[in-house]
Structures are given as structure tokens and as C-alpha cells.
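Both complexes shown next keep chain A, but they swap its partner, so chain B is in the first and chain C is in the second.
And now, the complex of A and B:
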């Protein structure tokens, strides 16, 4: 029976994602979006010992600087929602700081740009 | 004296005595024969009885075996289906990871795990298949795997961790046995209490201690549990009672087959049951490497791979899914301030060549020849403007 096992490399993960999230629900969409930036809180040195390996892993990832949620999810092999749940829990615990994504710069008005161009041409051209 | 001889009464008496003796002897003989007959009959009877008991036992065993075989293959199918479903659910979780469906998928996953565990338990009692072989896993992960297989997994708290792994052969049995212990612990304690798990290193190996705050077991239950956990239990599925109580029977079979010890004979500090699962050293190994170490590539190594061209790209490692693993070049340059410049060193000649090429390019790009002073001032203006924007 082991012969078949070798042919099928896929084995379900030992620890299921709902155990990793400890059954917590998904955070609000507004709280964490794909491009929310996350970093470790300054005093993350005093880490509690009771964090799961996945949470430790996330803290390690974020300790180097700001990372987006999407990028963090890419580094772990967990579903995005699970990563979001963990990040929300860590933020609540004060181990992580989130920063809302930077507002998109409003598109400059075409007329103004043209006027500036004309002005520059008049002066230098 | 002589007149006695002539006395007919004497003769009559003598005859009577002789007859009596003869009768007695005959009776005795008959009695002995009867006794022998009775003994023969008795032995025959007991032989028959033995034979009968044996044949009943054999029939029972045969029926038990038949039940086991049927159940075993039925459970094998169910286990296969549960494992297959788990893979599908995993795939869905990855696919719809960002949507709200994930919440429901996690619940389905949980139910499916419990379903798989039930099938596994019955299979164990029928000497069946335990499931696909697992890799070496850390004790903590095995405990969490067990936690995920019970209904009230949210009430289970793991309070300590150790740096040990469990050999691949023992991962599944230990997880299953622990799941049965946790199932008992959570079902026989009130819903607002917590079941605590402590993992401790002891000279003989590792102890996984499960404490619940339930009502505990009475003497009768304790005796039953001890009997099921020891080797003198009744094997088979027909002796489990109705509704069947699988827990201790499953644990008993598993602990005997895989060589760990389980005891439930102490009381937890919260008044419930304290169950202790002792893993001996030959089931333990070093803690496995983290699956996703999240390699933070040193800044110096990053440009080297970047300049390596296609060869460098080919040599990058791939994830388990076969996708190329993304390497972080530097710890996040998004935040202003942390962007420390680490540009690769160039020789002077190289720099000069690059600048020359740049200049030639800009000059050939300008169709209208302009006077050099104006050109330089316009480029300066553009340069400063660019800074303001960024």
C-alpha cells in the first residue's frame, strides 16, 4: 500500500489551517487589504513564548521592515485569508503595526500640464 | 451346641445371611458399574460441552473476523474518501483564500477531519489501515493535528512546547490516540472549560499531559478504562457497547502496537481526568526543519543572482508547488529611510563608458540642435522638477 503512496506525492497537511487560526474569524475587509503594509512593533524583542510557529514565522518576516499583506502571504504557504486572520490577531496583540496603503496620487489635470508645457516652451523654446 | 445345629431356625438364618451377602455383593457390583457409567457419561458430557463451547467460540471468532474484514474494507474506502476530500478542501482554501468562502471552507475542513478520524478509529480496531505515511513532524504539530480532529478544538490549549520530533512511523498513531484522549476530555467536561495540554520532557522520553476540568471517572469507569488500555482487553468491535465507546479501545490497540504508554488513572488539578501519554525515546527524533524558513537573502547575495542573467534565474529554488520561489533582494525599501544604498561597485572605465553611451543617446534623440547653454539649463530644470515629484 505504500507503493501507491509514493506515486501520489500529495499528502494532506498534518496541521489543518483552522487549527492554525484557532478558529478565529476573518478580519474586516477594511482592516487588512492586500496592500496594507505590516511591520513588527518596536518592542517585539519580548516575544511571548506561546506563539505558534506560524505566528513566529510571520513576526520574523515582518521584523525586517514593511511588507504588504499579499507579499507576506506569498512567503508563507498558507491561504491568504488564514494569513490575514493571523496578522489581525498579532496586530491585536500589539506585536505588529499595520499601515493603511498609500493613497493613489490623483491624476493631474491635462489642461494644467499643457499650460505648464506651453509656459516652458514660451520661456525656453 | 448340637441342638443348635438341628435347629432349623439357625439354618434358615444362615441361608438368609448367605443370600444377603450375595445380594450385597451383587448390589455393590451393580453400583460400581453404575458409578462407572455415570463417570463415563459425565466425562462424555463435559467433552461435549467443551466441544460445544469451542465451536461457539470459533463461530464467534469467525463472525468477528468477518465483521472486521467487512468493516476494514469499508473503512478503507471511507478513509480514502476523507483524505481525498481533505486534499480538495486544501486546494479550495488556497484558491479562494481571499474570499469570504474561506470561513466556510475551514468549517468543512474541520468536519471532514472528524469524519476521517472516526473512520480511522474503527479501522484501527479492525487491524486496518491507519492512513498514508507522514513525514517526521514536531511534537507540537502532532499535538495540533490531534487538536484539529476533535469537535471542540477551540477549547484545547497547548501550554508548552518542546524541541522534539516524532518519527514518521509514529506520527499518525500518536495523533489519533491523542485525538481520542482529547475527545474524551472535551466531551466529558462542561463547554465553558478549557482542556490544557502540557508537553514535558522526562527521563523516559516525553509526556503529553491532558488535563480536563470535567467530572472525572468513577471507579467502575476507571477499571474499564484500565482494562481497555492494558493488554488484557477484549479485541474486536462487538464488545464496545451501545452506543459504542471507541476511545480507550483504540488507544489501547495503538499504544500496544506502536509502543507508547497511556494512563488515565490520576486526577487533574481541576478535578477532572489527567491523561498522560508517554512517548519513549525510540519514537522521538530531532525536531524537523521548518517547512518554510522564509529565507531573508543577505543584501550582498542579491545583486549577484540578479546579474547572473537567465542562468541565475534558472538556478533559483522552487516551492513545493513547482513555482519559482521569490527571493527578497533587500529587507523592504518601501519605507523611506531604510533604503540604504548598496549599489554594485563599478570600475571607473565602466562608469565612463555607461555615461558616454547615455550622452550619445540623449544627443541623438534630440532632432533639433539647440544651443548648449540652454540645453544644460533645461536639463537642470527637469532634474529638479523630477526631485520634487518624487
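And now, the complex of A and C:
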């Protein structure tokens, strides 16, 4: 029976994004880019946990290795902005560690391009 | 939301390759073959994510162009390729929609360059995306995705129509084919090398 006024169970799809993020704003662009690589901190299990289900899910996802911010959003099917906010909070709390993509500089670029070219040729040549 | 850690080992970036993450954009108008291209190169099943304009502390300025809307979403597809024992390459694909400025800024920031997929029968549809790529200062190459395998009839006419610089590479590719797509990417990277010197 579909009781009038009955409370719907809250599935993630029915939760507004600002509820999941607890009203927090987007982190600094420099802090988490699409290709910033993220993984769980080695000691994350020893930390006092008061994590939301979404935060816990992200932490679990990141506990088996490195994923980019974009991949985490893709796997969880959460909007990118929401994922960034949650990841920033988890990083601040010491649950996650992030590895920013290498800072771009003209010299470093040349080496990277050379490596990308060689990699593509080795893989597909 | 997918619950629990359900990913297999291959889903994660290989240990070591986490040293340097780089990205190349694969852009082009709707249905030109971006997702197919990324799928041909990627070592993971291509993923999709959306950028939302639902921002908790969004200032009025940032919503220019989407007046009256508090939520706007656009999808982008992406894939991954482990290049070496220290470099991992991400390919991001999105249509050129000017109004999703936030997403373009996210995608363009730090990108090595862009491959612009073009349908020779719908050249005018590519103007907007090429404008955006130039606006963000990205070097690019043109890959003409030809589905029927026919050779490009008139490269000069295409260059004229797209108003390309003399040194902008134009290649043909079949986005369904791994080797062909990789060749287009290699052409782009060689062009980026020339521009870096």
C-alpha cells in the first residue's frame, strides 16, 4: 500500500547533493583536478570514524589502489562537484592521500611528451 | 551509487604509474565518434561523469549564461592508458558546449593538447569546438573520422573551411580501430613536441 504522507526511504538518488556534501563548497581547483590521483591513507582504519555512507563508500573504493578524481566520480556515478567536495573533506581528515598531477613546465613537458610518444608506439606500433 | 569496493585490480592505476598523470582532450561535436575513439585506446571500460553547476557557494558571476538555472549537467567520457612505469595518460571527451565553462576549465587546465574529431560532411558543426580549444590556448590536431574508409577528398578545402594554421596536422582515422586511433594520437603528440621546442 502506498500510504499517503509516508516517508520514502532515502536512496542516494533521492538525496540532494548539498545534503551529501553537508553544505560544503567546492575545494580549491589546484587541490583536486580531474586527474589528481587519490588513495586511502595507510592508517585510515585507525581513525575515528564518523563518516557518512557516501564518504565511507568513497574511502572503500580508494582503499585498493590509486584512482583519478574523474574515475572515482565515474565509478560512483556521483556528480563530479560532489565527489570533489567529499574527497577534499576525507583528505583533510587524513583518510585519503592525493597525488597531484605533475606541475607543468616547458622542460618537463618535453620529457613527458617523449615518454607518451614512446609509450603509444610501443603499445600500438 | 555503487556500493562497496567492487572494482577489480585492473581498475586501479598501476603502482608506479602514479608518478605522473597527464591528459589529452578528445573533442568534437555530438555523435562524431569521441566515445568510440576513447574506447578504442582505453585500457579500462570508458567511464562517464557529469559536471554539475549545483554549487553550494556559487556566485552570481559564475552562473553567467545559465540564468535562471541552479542545476545544469553535462556528461564527459574518459578513458585511461598506462604509458610507462611512471606515466598514466587520461583521455577526456566532451562536446563543445560553450556554456559549460566550468567543465571546460577543469578539462583544459594542464592538458597536453587536444585531438579534434571532425566529420567531413558536417564541418560547420566543428567551428564551435575549435573556437573553444583555441580560446583555452590548447594546441591541437584534426582527426577526420571517416566511417566509410573513403580517402579525404580535399584536405585543402577542409583546411580552408576550418581556417587551420599551416602547421596544424590533419589526419584521417577510423575511431573504431585501435591502431588507427593510436596513429591519430601519435600525430598529435608529435605536433605537441614540435610546438614545445
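One rule holds in what follows: the second predicted complex is superposed on the first by the 85 of 125 C-alpha atoms of A that agree within 3 Å, B and C clash if a C-alpha of one lies under 4 Å from a C-alpha of the other, contacts with A are read in each partner's own complex, and residues count from 1 in each chain.
Please note the rule applied: contacts are C-beta pairs under 8 Å (C-beta built on N, C-alpha and C of every residue); 3 or more make two chains touch, one makes a residue touch a chain.
This is a predicted model, so every value here is computed, not measured.
Touch criterion met: A:50 reaches chain B, while chain C stays clear of it. In the superposition on chain A, A:112 makes contact with chain C only, not with chain B. By the touch criterion defined above, A:23 lies against chain B and chain C together after alignment on the C-alpha atoms of chain A. Residue by residue along chain A, chain B and chain C are tallied for touches, and C comes out ahead.
On chain A, the patch touched by chain B and the patch touched by chain C overlap at residues 12, 17-18, 21, 23, 25-26, 34, 37, 39, 57, 60-61, 64-67, 73-82, 120, 124. Across the interface of their complex, chain B is touched by residues 1-2, 5, 10-23, 25-26, 34, 37, 39, 49-50, 52-53, 57, 60-61, 64-67, 73-82, 120, 124 of chain A. Those residues of chain A whose C-beta lies close enough to touch chain C in the complex are 12, 17-18, 21, 23-26, 29, 33-37, 39, 54, 57, 60-61, 63-68, 70-71, 73-83, 85, 99, 101-102, 104, 106, 109-110, 112-121, 123-124. Within the complex formed with chain A, the residues of chain B that make contact are 83, 86-87, 90, 93-94, 96-100, 102-103, 106-107, 109-110, 113, 129, 132-135, 137-138, 140-142, 144-145, 147-148, 153-154, 159, 161, 171, 175, 290-292, 294, 296, 319-320, 326, 328, 331-335, 338, 374, 377-378, 381. The touching residues of chain C, counted against chain A in their complex, run 1-5, 7, 9, 11-13, 15, 18-23, 44, 47-52, 54-57, 73, 78, 80-81, 83-84, 86-90, 92, 105-107, 109-110, 112, 178-179, 182-183, 185-186, 189-190, 192-193, 196-197.
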